[in-house]
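For reference, chains read A, B, C and D in written order, and residue numbers begin at 1 within each chain.
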Amino acid sequence: MDFTSDNAAALAPEVMLGLQAANAGTASGYGNDDLTKRVETAFSDLFGREVGVFLVSTGGAANGLALSALTPSWGAILCHREAHVMVDEAAGVEFFLGGGRLVGLSGIGAKVTPSSVEAGLAAMDGRVPHQIPARTLSLTQATEYGRVYSADEIATLCETAKRHGLKVHMDGARFANAVAATGAEPADLTWRAGVDALSFGFTKNGALCAEAVIAFDLALNEELTYRRKRSGHLWSKHRFLSAQVLAMLEGNAWLKHAGHANRMAALLAEALSENNGAELVFPPDANEIFCRLTPDLDVQLRAAGCHYYDWPGDPETGAGDPTKGQVNRFVTSFATTEADIAAVRAALVTRATHSAAAG
Amino acid sequence: MDFTSDNAAALAPEVMLGLQAANAGTASGYGNDDLTKRVETAFSDLFGREVGVFLVSTGGAANGLALSALTPSWGAILCHREAHVMVDEAAGVEFFLGGGRLVGLSGIGAKVTPSSVEAGLAAMDGRVPHQIPARTLSLTQATEYGRVYSADEIATLCETAKRHGLKVHMDGARFANAVAATGAEPADLTWRAGVDALSFGFTKNGALCAEAVIAFDLALNEELTYRRKRSGHLWSKHRFLSAQVLAMLEGNAWLKHAGHANRMAALLAEALSENNGAELVFPPDANEIFCRLTPDLDVQLRAAGCHYYDWPGDPETGAGDPTKGQVNRFVTSFATTEADIAAVRAALVTRATHSAAAG
Amino acid sequence: MDFTSDNAAALAPEVMLGLQAANAGTASGYGNDDLTKRVETAFSDLFGREVGVFLVSTGGAANGLALSALTPSWGAILCHREAHVMVDEAAGVEFFLGGGRLVGLSGIGAKVTPSSVEAGLAAMDGRVPHQIPARTLSLTQATEYGRVYSADEIATLCETAKRHGLKVHMDGARFANAVAATGAEPADLTWRAGVDALSFGFTKNGALCAEAVIAFDLALNEELTYRRKRSGHLWSKHRFLSAQVLAMLEGNAWLKHAGHANRMAALLAEALSENNGAELVFPPDANEIFCRLTPDLDVQLRAAGCHYYDWPGDPETGAGDPTKGQVNRFVTSFATTEADIAAVRAALVTRATHSAAAG
Amino acid sequence: MDFTSDNAAALAPEVMLGLQAANAGTASGYGNDDLTKRVETAFSDLFGREVGVFLVSTGGAANGLALSALTPSWGAILCHREAHVMVDEAAGVEFFLGGGRLVGLSGIGAKVTPSSVEAGLAAMDGRVPHQIPARTLSLTQATEYGRVYSADEIATLCETAKRHGLKVHMDGARFANAVAATGAEPADLTWRAGVDALSFGFTKNGALCAEAVIAFDLALNEELTYRRKRSGHLWSKHRFLSAQVLAMLEGNAWLKHAGHANRMAALLAEALSENNGAELVFPPDANEIFCRLTPDLDVQLRAAGCHYYDWPGDPETGAGDPTKGQVNRFVTSFATTEADIAAVRAALVTRATHSAAAG
């Protein structure tokens, strides 16, 4: 049972089938192929409007490209201080910008709020030109702590952002999980709420290596065209990038897999927390669980072959007061099975039995 | 018959098998997996020494990373003025450098020579600090016109470069074709000759999307580690990048496929040029043919379903005097078949017959 | 009485005389002149060893150049979270780096300590390559709150930094004030303690526009040569930059002026705080005073034509608990006179009298 | 007699007087002072419309800031291949852009023409996205070979540029000389003709260190505000930058000095070329003379204490066929005197006499 990350999984079956189907004959390179055209159409259909589509192979690339297209190189980007762009991309956004700066916001469960946005803006103090101005707000959906923004929350955040002249980017590495969790229309979680560009992730959801930058502001298309190419993110055999995404979009495999991962997370959270087994740090909206295992439960689960990460506690983000014990992160994916959950449950039962016997 | 580019082909069978084999279970992300370790070992074996290995998905990424690791951001890079980094990567190298400049050298068939390097250096005139200093020489092997450098030629170029304090990079998008063409050891074409870093391409040779930056100067490893990550070129499901390369390296599939492409090019060149059919602009050392078709032959071949590019003539690089007629580029790949060549030949025979009948 | 900033002052008399003396005849541009050679010699004499000298016209330029020469473009720089490079240079360091990131440290009075450096490093967690590595520590001497590091404190901080592989930069916009305050040798406050590069400011101390990047690590000279030129910071009529600095260095005018500013600050602090007039937030080591005026005293002083800034309180840096009242900053300079202090004192006496009368 | 460069001269008397007048009392920093407001008004008056004004201390800074504000970081800038930005600024423009590329155009006397612009665009071939698109045309007025564009020529070039979607920048390091030479209105040489931003130089014309970026497109103001600050080009004691420019603008000192320099060049050209003394390579429109001295005349002049540069010949730009002998550059300035010309003439007479005697 590997719950370390959803990127530890292999490929969703549709993706491998899609790659195999694409693996015939010749095709023009660099996106001038039929599959790519179909992907563009599929995204426009999904979002109910024309969108710009730029496929790349990593989330870091998607975020860096989207944010640098939205933000002047001398501008600041607001994001949660535990956002992936802040803590996990090796200052990639700053590289794509050629400077700039990320400004960390607070918020429980890595969710920013209108008041944390306002507080972040106020703290920048705006002494022109000594401080760079905030230009973009980046939201992660689902968040780095597995929380989900509702369409209304996003709309309110976008309203706050626009009032201050900010563009809005959404890091949707787990956008599918958020759509599955909310049941909302993709359009309502993005452009209808005011999002200007979305990094729509497929890799964690079963693709081999596919993320889409979706431009709702079509004026970004030219920026993204040249920025993708010059950063080495335009594939020559682009059809194989499109094939992955198309396989996920057709028949709504993306939503099916994300929904499955979310359900597995709910079951896992239940299994972990029942019988006072573990304290959940956050309600698992999507496919990530943050909880506090007792030391003996931790030993028991690891002994049973269960893999997951210790996570740094952080009272300010609600990620756990380190004095209350170690926080652990479990991530489920399309590949997590009910058997995996049952195995966890078995380990827990063992423990309960063992504890009862010891008691 | 698609001779437009070797990147128009699909996947070599070994690559798809490798992907399928890797598609099971979970694995740690970001290169912390067994396949990646095996790739690193395989490259060290291939080059007969320890090397740094950094897999990425495009040649532009490999070149940008390698060149920015080798060159200070205020330095100049010498390359042939028709080098891929100069004309086909949307100023990606300058982006990775955060400035810098490419300086174009002359040379027939996109091959630079010691004297063209010396001439390029002399033209820079070196007024410190008004002109940035040359720091790196980038060679393309095989060149953009399908020519190949011998191990001796590379050694001489490296000697010239080192004498002027330049590092040497090799853009080996078609390195496999060059190895197959020369029969030389990979080591003799690279580090033993003085090359500091190599972009070793697999995509054009049958991979889905795999290029390796090979660092012979191990001091580059740290630079490349962080530069790859921050530019969004480190895959999370890295095992699927390693699987492609491993499939090519094991059993020398890379060399077999490149040799096949070269042989197909030789046959195609013969087919095109026999009976005064087409004038070869360059001898086809590797898998690219540049020739001048007569207008009626051009029509005939295209009518027969043969695809290839018109190419800009350029007398200075020997790529053809435009006044002498249109130059055409044909590229063969691992996927080119003898049947493809036969089909071309058939079209030519038709023409010959037709010409004879008309004559 | 203008206490808003030491950069509100005009020129020290030596500087204007120096400019006038330099204003004759012709001279080679770009630093190839006699005055510049003399400046280089004067700095080497001052520091008791050979140093690299790069004059520029702003502190932001000096810091950006020094830090980008010391730090790889993918590295992080540790500095106090209220350091000038962090809050007052519009993300200039990130621009000069082409990415990178500043990491804010805590510390009372904007002084970092070995433990705040250790805490900053620990918070970065060092997951390679997801987080960029710390590479440089930047200290401000005197600090943004007018505190001064002793030679021993700097040596200890450098020892901590070196143990973690960090280079050390000193932002010495008010280095002269720190030297005057400590009575230490410039060498003991810098290279002997382990500092690799210094931004040595002259503008706040009476120059028109002159800051020197001093490279103690001579390997930085080439980096700085090209970085200064390409960023537009190499003057053509460079002799007029050298003339300013030479006028300050010769006869130790720099030290005399800084000592005077410090003494004026001590007198001003005394005047402000006597009779319970104002609470000093920090002891004024150098030429800046942070204090908390009572509202009526504030009114009184401003009515008397005294100019100074309200300053944001920040309990975490000891800059004042906002709930305890507004903090004010007073800065003295070479141009502050005893008459200015007397005028402040007169306003205070007025107040005292007035208060007594009202009492 | 120093004819090496106009930046070898000291300060025009008005500039020193302006600095002395500004050297009193305190003033707000960073351009929030009265002199700066007066400079802004003076430029608006000069150009007959509102303009953005951004003073900096070098021409490289002015060009880098203006071009990076006009051009996306992924765009190309067309300029003459001997333009200062191309050959003398250490790839500063690329640094300010964070990538991008300069594309060199041909043209006699470093003057580009509509046809050289068209040829440059045609050579880029525009394969999207493999080549970066041209976005800006940079013209130097007066050119690096001392030639001047008429208002009509600029209008025609701007029309060509706009037709291709290019912005237009003017490097006016010697703009004053061009205005003096043409007698045209500054407005007619710039915004009325279609120029979007101008680097207006004062240093070569007698300032200590002052160049103005003039934004005719007011939308550039925000870009320039932040770009100037973050690159370290916003002075704290900004009044001393404004004082220089104001001294030059008031009473039209800038035009008087440039006109003088031009007249001195005309006289010098006459002196050099009479009696078959030297062959002029270009007619000296402004204050630079390029000529070919006979070897003995060269010796004679240098022996008489005359300083000037040998210049690389370049038949393609008309800068001289190296086979026809060494080209020399003479530059006059506001400080050149009729006595200097007389001294040159005396050396020539000596030669003529000597030659006659020898004959």
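Criterion: a residue touches a chain if its C-beta (ideal position, glycine included) is under 8 Å from a C-beta of that chain, and two chains touch if they have at least 3 such contacts.
Because the structure is a prediction, the values reported are computed rather than measured.
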- prompt: A-D versus A-B: which has more C-beta pairs touching?
  reply: A-B
Most distant chain from subunit B, judged by the mean position of its C-alpha atoms: C
Message: From the mean C-alpha coordinate of subunit A to that of subunit D, what's the distance rounded to whole Å?
response: 52
Task: Express in whole angstrom the distance between the two chain centres, defined as the mean CA positions of subunit B and subunit D.
output: 43
- prompt: In whole angstrom, how far does the Cα centroid of subunit A sit from the Cα centroid of subunit B?
  reply: 36
Task: Scan subunit C for residues touching two or more other chains and write them down.
output: 73-74, 89-91, 95, 98-99, 129-130, 132, 226, 229-230, 234
Subunit A residues touching subunit D - in the complex, by the definition given at the top: 30, 72-75, 98-99, 128-130, 132-133, 223, 225-230, 234
- prompt: What part of subunit B is in contact with subunit D in the complex they form?
  reply: 73-74, 76, 87-91, 94-95, 97-102, 125, 127, 129-132, 312
Message: Can you tell me which positions in subunit A touch subunit B when the two form their complex?
response: 2, 4-5, 7-11, 16, 19-20, 22-29, 56-65, 89-92, 95-96, 98, 203-204, 208-209, 226, 229-237, 240-241, 335
